[in-house]
Amino acid sequence: MTTTIRKIGLLTSGGDAPGMNAAIRAVVRACAYHGLTAVGIEQGYQGLIDNQMYEMGARDVKNIIHRGGTILKTVRCKGFYEAAGRAQAYQYFVQNQLDALVVIGGDGTFTGAMLFAEEFGVPIVGLPGTIDNDIFGTDTTIGYDTALNTVVDAIDKIRDTATSHNRLFFVEVMGRDSGFLALNGGIGAGAQDILIPEEHFDLNKLFASLDRGYQAGKSSSIIVVAEGEEGGVYEIAKRVREHYPNYDLRVTVLGHLQRGGAPSCADRVLASRLGVAAVEGLLAGQSAVMAGMRDGRIVFVPFSDAVKKEHVIDNELIRISDILAI
Amino acid sequence: MTTTIRKIGLLTSGGDAPGMNAAIRAVVRACAYHGLTAVGIEQGYQGLIDNQMYEMGARDVKNIIHRGGTILKTVRCKGFYEAAGRAQAYQYFVQNQLDALVVIGGDGTFTGAMLFAEEFGVPIVGLPGTIDNDIFGTDTTIGYDTALNTVVDAIDKIRDTATSHNRLFFVEVMGRDSGFLALNGGIGAGAQDILIPEEHFDLNKLFASLDRGYQAGKSSSIIVVAEGEEGGVYEIAKRVREHYPNYDLRVTVLGHLQRGGAPSCADRVLASRLGVAAVEGLLAGQSAVMAGMRDGRIVFVPFSDAVKKEHVIDNELIRISDILAI
Amino acid sequence: MTTTIRKIGLLTSGGDAPGMNAAIRAVVRACAYHGLTAVGIEQGYQGLIDNQMYEMGARDVKNIIHRGGTILKTVRCKGFYEAAGRAQAYQYFVQNQLDALVVIGGDGTFTGAMLFAEEFGVPIVGLPGTIDNDIFGTDTTIGYDTALNTVVDAIDKIRDTATSHNRLFFVEVMGRDSGFLALNGGIGAGAQDILIPEEHFDLNKLFASLDRGYQAGKSSSIIVVAEGEEGGVYEIAKRVREHYPNYDLRVTVLGHLQRGGAPSCADRVLASRLGVAAVEGLLAGQSAVMAGMRDGRIVFVPFSDAVKKEHVIDNELIRISDILAI
Amino acid sequence: MTTTIRKIGLLTSGGDAPGMNAAIRAVVRACAYHGLTAVGIEQGYQGLIDNQMYEMGARDVKNIIHRGGTILKTVRCKGFYEAAGRAQAYQYFVQNQLDALVVIGGDGTFTGAMLFAEEFGVPIVGLPGTIDNDIFGTDTTIGYDTALNTVVDAIDKIRDTATSHNRLFFVEVMGRDSGFLALNGGIGAGAQDILIPEEHFDLNKLFASLDRGYQAGKSSSIIVVAEGEEGGVYEIAKRVREHYPNYDLRVTVLGHLQRGGAPSCADRVLASRLGVAAVEGLLAGQSAVMAGMRDGRIVFVPFSDAVKKEHVIDNELIRISDILAI
């Protein structure tokens, strides 16, 4: 069974990420280029359930490539994870004469898309949009590079401040389940140590690192901590304080500012390439796949792989972060 | 009794602030211009007690005008607040043939300078360097304008993120004792409400504001909270959560990143003007005064005023912040 | 004859400046706060002639405080400088039941407003919006502080590059008629010399300064040049090259990037205060005046003064720039 | 013949690029980690000829990871391209008991290194450091990602300004011989057209693109032009002006600001990984090779390939840039 693709619905879902607007622009303009109609769906899957959608032409996406957030908005929609919600969504999908979907988001977004594609035979291509970079099948996700720059820019400012002896700066970045942002951001920021879930937030390793730093004559150090919810770093800081009562500990919790900001050039180019690939992939018969970038080339990865397989951090980077913190 | 000024010692003290390096550069170059010798003292008053100082020429301060932090470093020095410490400091002051001091810092810095000037008759001019803007006698302090930009830049990124309904972003900025940074930063960031010490962190006013925002159809809001130590915002967030159990609250604690970063142009120009004024003020016989900028003009304010009088926030700004949050 | 003000038209005109959106937001919200209707007029005076206007409520200006440019757009409108154009504009002013205008722009904008106010007795308050800071009656204009930061940020990047011997970087900034941006930006950027119209682009002074820098052992220098049209710096660079054939000259022309970017906090607060003042000024009976900020206080300056008197640069700053370049 | 590597000389050469300091830090710290001595050579090959070098320990490279430029400085050294210069350099190489070199730079740097390695059997590993990305054998060069962000950040500001009809903004970026920066930067900036050497600066294609944009209702457009020397864009602008006399053309020449700025996180991580790889490559017997990154993995590419083969731009990106400009 093949569908002729004439009209493509487009939505962003889950936590937003810089570059989502660049992806939206690319999808809409690739549609215009190939003579298709693009339909923007607001508020993620909720807009599909609520029939909040409108046609988008090439001029409707002007002046958005550099904007953080998403003009289509995004919510975490519980209704779509229930059969009734998806049935309602499909009804509006048909009513609006959509032929396919492009969904931009993370794991949860693809899980919903996979179910919808299976149940109703709808062609769907997903684009990986999350600052966490925790998606299998793509080297990087849309928003990750920008968030890295946000993290190092923040830590650069912290490093400027007075280097009193025995001062430790703890900086909490996002990533309770995945250490990509903390590890790469920490290397980029010249952190003394980086606490990530993949290493079980190993405090003994931190103590050893701080002792080495003290021996080496370091006057102050920055510790990057990956966390999902805000403020978990305080518990770690408390335990470090107990271990080093003479150290002066300061905490910064970057929180949601990591999700915003103008996207980096790399994220814009990635989003632009993936957006065009999504449309052209649909035209070529792709479905239930995520469009990703591996080794500089577009790949299409089944949703089942993208959702179930893990994007593993490179242990070589952990080794390098230790060398650099000498 | 007049001293001929030939050699001027220079130090930064207290919490550091962007623009301190621009001030150092201006003092050193003004010395060079007027045929004086500048001597950089490291680690604030501690360097005076420990005899850590060296001559600085015009080329020694090249390429620092844009750098955060202070190349002379700064510590909070307890020793200088004791007579013995100041006596030791004076010994090295004499031994190094210094004729005067320029000290850059805040209230504590000026208190120490006032004592030193009184006890030993040393000519001292202070420069107001703090992000808090809580110094009487100058419209703005060195570092304040930069910190304001850091605050609004951070909140701009937060504002980018998805506008789910009933989401509140709490952003903690520095200023437990003074609401300048929070009030002006909050206005600049378009905050829904601003909690400052001058208004006793009035939660009832916050609840009324949030209720008005909800009535007005606001989907999400940013609340700026002034705090001295990191993390106090969590207690406020907890109480708001009890009052609005359905709201989704997120917290960012900017912490020390507010003290860093390349200084804004305004801070560089302010620091440059005050640095030149400090040297020329000493040459003109000023002592035990702070050089400040009021209404675009250099003023010299006695340390006793700078330390004891309060820099009061403009109530008109509070009124305007309420109008703008409608 | 007094008019009760119920409906206020609002437009931006002339070259745009960062912070214009913050001013728009403040005018609209102050209208909402005081129970007035705000009407946004697009494309400056052209929109008044063409009847392009629409009511704006408090929510229509959300999420714009941090955006460069102006959501109302701006064109330089020749038609309004002819009686016929203004007559047509007045017809739509009446037809839309407007009672007053707030116009945001520079000299040209105020000249038009002055004529319109005189001819038709329309209450108008102007807000100074231009990066040039060349308006009499206000210490700073909306957009000026942001442009200064853009200039120093650009020059900071240039300063990073290799310091080969005898290398000169020329940076052209805006300001053919007024040296504010060049002088303050140049001081903030640590320029070796600054060529401004107020000093008639004195090349002999530049040559003397470069010779001094060479004697002092400077390996490279930055020269800031004020210009109105792009590229005039090349003529100056050519003449310097003739004088110093062994120097390696590099040119950067910042051009229109100086007009854009997210406004600084200072510009947002200034725009917010002036926007509220414009509305409250109209309610208090002000007309044919510009709302400005002098010494931290709102002032209302007759258009005739704002247009005819000159905002003179502070010669003290020129003196300081020479001291700092030693 | 194998040499035991105990002491490694390190230099930066050619045009500087953001991230060079991060590479220096990584080389020095990898040396410290592996028990080797690092020797910093100043002013590129000139410092080898002039014997300007000093040992560097792990603490000597603190607080530099985020700085643009290079603390070792860089000049284009003609002497090293003559046999006599290299002989002199080798003499100091031996005298200082160096066993190997790490050189950071571009094509010219590697050409010199290749000659030096051939003539004297010196183990050398090169690191690709240039904003142009025109080096064969690595997906990206150190500095390229940062320069891309500088370009899009500048163009974002330009895009903010008033959208008058028929206004064209020309932005000149670096790259007379290679269009990487222009093509990727132009896509990231949402440019209407991009003129690059690989497409011979095709003005007819530009005219067709502008005509299409006009038909599509675009009110203003940004054209990115790759150039090696500053100001070549004016010639192109002149020819466009002749073709479209009614268009309002504005020019920005980014110039050397593209070489500066704090490096992006990606450039810091790349530089860090390559710096460690250079040291460990030398220990493993590599010589006369460049360490590059391809498909996320470290590769060692013979200097002869790095210098002679061309890094070709991806034609797919040109196609995508056309789709996105619809």
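Letters A, B, C and D mark the chains as written, and numbering starts fresh at 1 in each.
Definition applied: a residue touches a chain if its C-beta (ideal position, glycine included) is under 8 Å from a C-beta of that chain, and two chains touch if they have at least 3 such contacts.
Fair warning: this is a prediction, and the values are worked out from it, not measured in the lab.
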Target subunit D, source subunit B, minimum contact steps: 2
Touching subunit A and also subunit D, the following chains: none
Between subunit D and subunit C, distance of the C-alpha-averaged centres to the nearest whole Å: 36
Computed distance of Cα centres, subunit C from subunit B, in Å: 28
Mean-CA-position distance for subunit C and subunit A (Å): 39
Interface hub residues of subunit D, defined as touching at least two other chains: 156, 159
Arrangement of touching chains [line / ring / star / complete / other]: ring
Interface residues, subunit D side, partner subunit A - complex: 25-26, 29-30, 32-33, 58-59, 62-63, 65-66, 139, 145, 148-149, 151-153, 156, 159, 184-185, 187-190, 216-218, 262, 264-266, 268-269, 272-273, 276, 295-296, 314, 317, 320, 323-324, 326
Complex interface listing, subunit B residues touching subunit A: 15-16, 18, 67-70, 73-76, 150, 154-164, 169, 230-231, 234, 250-261
